[in-house]
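Both complexes shown next keep chain A, but they swap its partner, so chain B is in the first and chain C is in the second.
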Partner chain A sequence: MRSLPAIVSAGALAVFLVTWAMAQTADPRRSGYQEMGASLRAMQDDDSANPGMLWVGEGRALWARREGAAGKACADCHAGETAMAGVAARYPAFDAATNRPIDLGQRVNRCRVEQQKAEPLAPESRELVALSAFIARQSRGQPIAPPDDPRLRPFVESGEALWRQRQGQLNLSCAQCHDDNAGGRLAGATIPQGHPTGYPIYRLEWQAVGSLKRRLRNCLVGMRAEPYAYDSAEYAALELYLMSRARGMAMEAPGVRP
Partner chain B sequence: MRVVLLLVALLLSGPVSAQTVVGDAIPQSLTGEPGDAARGRAVVANRQVGLCLLCHTGPFPEERFQGNLAPSLSGAGARWSEGQLRLRVVDAGRLNPATIMPPYYRTEGLERVARAFAGKPILSAAQVEDVVAFLMTLKE
Partner chain C sequence: MASVLVNVPKTAKRGEVIEIKTLIAHPMETGFRAGPNGRLIPRDIITRFTCVYDGAEVFGLTLTPAIAANPFIAFTTVATQSGTLVFRWTGDNGFSVEESASISVE
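Showing the complex of A and B:
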């Protein structure tokens, strides 16, 4: 029979090893959700309190509405609430027609023009954001899974270069805040790591749901840099880089953020 | 003693006057005049003008939500000389290229500056002097 001290020290060693092993394997990435207080997390978690669900509902109605000269609704081809499950988790994707990445909103517009014979929706328009929210909601809980497409690689790389480029009168890069100083406090706000897990998000500052591009624009304006045009290659590259950086993290759309 | 005399004599055609850097300092006032510490305090505390409290804390009991990304401004006037503070405000990147501190009095070498701010330094020469005068009062 072993002595009590031997059992205690073996137990302590086991606890230490397990803790150490967990620390080695723990994912250091944190969703902005984890930086929020309990009340905002509760607002996101409860569909009846999450304002983003209003946009999801609007998107659901638009999904079923016949549009354009073809008189087709999105739902005529993609019926049901799960037809688009996982789709938002793998956008932007490579678009062979234009030889560049295409984001979810641009993909919706592609369908509008080609299938519905309708006018494309304006970037960041209420309707496009609502449709995107309806689609992204169907990926909630799924891991972010950017396509493993070698044609995307140069765009991911240019997105990372943009992420690290100093810009604007304040001469800051995205990485300086969201990699190097994430978790620190910029005035009253905790700097998040900047993972695009919740988009489109309901942002309290906006009192509305908006896309990742709109959020990137906010940072650029804060850096006193010239924002990119909404359909620019730069935003697509940045989105693509951010999705690859967040690979495997769970989708939360529609997220709620301060 | 090693005194590096760097003449930044790029007589910048724009809105920024030339400064003479000596070692890690700009000994001479950018305006030729001493700054006003009270005005400097207002610049430092203003989140649209000085922006300082977004990253720094300091002795501003009335200001909520001060940042913690950079050293406290308390005691800055004891840690540094006036000339050292001036260079750190003008362009801290000359001392630490990786700094997150914006260059408050530089317009060259910046990328994609928004149109509204293009060609303009964050602070005017007079504002820099006011800020330096204020920081020099922070002895503890």
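Showing the complex of A and C:
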């Protein structure tokens, strides 16, 4: 007959093996949502408490407004609340006309210029962010699915190189915080893994909704590096790399972040 | 473009305590911050919020510069009868927004 300690240790080993096997299959990627406190998660989950929904509402109104010399509204071509479902999950996408990737906001402006014959909206303007929030909201819950376009591959690679590039007076790279030290603390805040699941986000620090570019600018300023110009190729490359890194994670837009 | 979100239950039982949630887009500029030119940015806040339920004010709130932008106001009241709830936000520079929602009480 086996002794009791032997049975107990065999049981403990079995439990350890099962949890270890589960940890191997579980996705180690975590959305910034999972790093937030309960009250912020509740704020994001409740559409009547999530301030990002104010921008979604403004975007809905802008979607139906006739603009430009053509007198067309976005809704004239793309009617309904689900016309843009899944679109935000696959941007930035390759743009054949300019031979480079363009993000969601640049795609909106392309439609404004070519279809509506209107002036393009300024990057990060309230209207453009509101339209992006309205579009991204329709992809909530869908997996991030960057396009498998071979023409995008060099841009994803240059995005990854930028991610690992030390820069700024602090001589830091994105990867040093968000790959090597994710889950650790930077002053009072948990360092997230940096997956772009919730964009455009309502950031409490901004008291407004902003795009992924604005968030990247914040990080660059924090590293005391020179932020790139809006609409620069660097942002598109970084966004592309981040989307491919987060492939398959669920969209949460509009997210709420501290 | 004032944008408002109001969440009121569509139906309630008589005497039931209902939760009402409101959100409004507003910068809530404190009046204590300096702009890029070094001068103070003038105060621009919502000063008063009221909720009138069938002619009677059931909730009122005076807002101050310490309240963040896009104020979220949640409160409870007792569902007494079917009717309309009228929400009004007033503030600096003639800011005035009104929104209403109806509730049916069984």
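Note that in this section the second predicted complex is superposed on the first by the 239 of 258 C-alpha atoms of A that agree within 3 Å, B and C clash if a C-alpha of one lies under 4 Å from a C-alpha of the other, contacts with A are read in each partner's own complex, and residues count from 1 in each chain.
Everything below uses one rule, namely that contacts are C-beta pairs under 8 Å (C-beta built on N, C-alpha and C of every residue); 3 or more make two chains touch, one makes a residue touch a chain.
Given the structure is predicted, the values throughout are model-derived calculations rather than measurements.
Q: For A:82, decide between first (touching chain B), second (touching chain C), both and neither.
A: neither
Q: Between chain B (first) and chain C (second), which, if any, makes contact with A:99: first, second, both or neither?
A: A:99 contacts neither chain B nor chain C.
Q: Could you look at A:48 and tell me whether it touches chain B, chain C, both or neither (first, second, both, neither)?
A: In the superposed model, A:48 contacts chain C only, not chain B.
Q: Per the contact definition in the header, classify A:166: touching chain B only (first), chain C only (second), both, or neither.
A: first
Q: Based on the superposed arrangement, let me know which partner A:186 touches: chain B (first), chain C (second), both, or neither?
A: first
Q: With both structures superposed, pick whichever of chain B and chain C touches the larger number of chain A residues.
A: Partner touching more chain A residues in the overlay: B.
Q: Do chain B and chain C touch any of the same residues on chain A, and if so, which?
A: Comparing the two interfaces on chain A, one with chain B and one with chain C, no residues are shared.
Q: Where on chain B is chain A touching in the complex?
A: 47, 51, 53-55, 64-69, 93, 100, 102-103, 110-117, 120, 122
Q: Residue numbers of chain A touching chain C in their complex, please.
A: For this pair, the touching residues of chain A are 46-49, 51, 53-54, 57-58, 61, 204, 207-208.
Q: Which of the residues in chain C come into contact with chain A in the complex?
A: Residues of chain C touching chain A: 1, 3-7, 21, 23-25, 27-28, 68-70, 72, 74.
Q: What does chain A use to touch chain B in their complex?
A: 165-172, 176-177, 180-181, 184-189, 191, 220-221, 224-227
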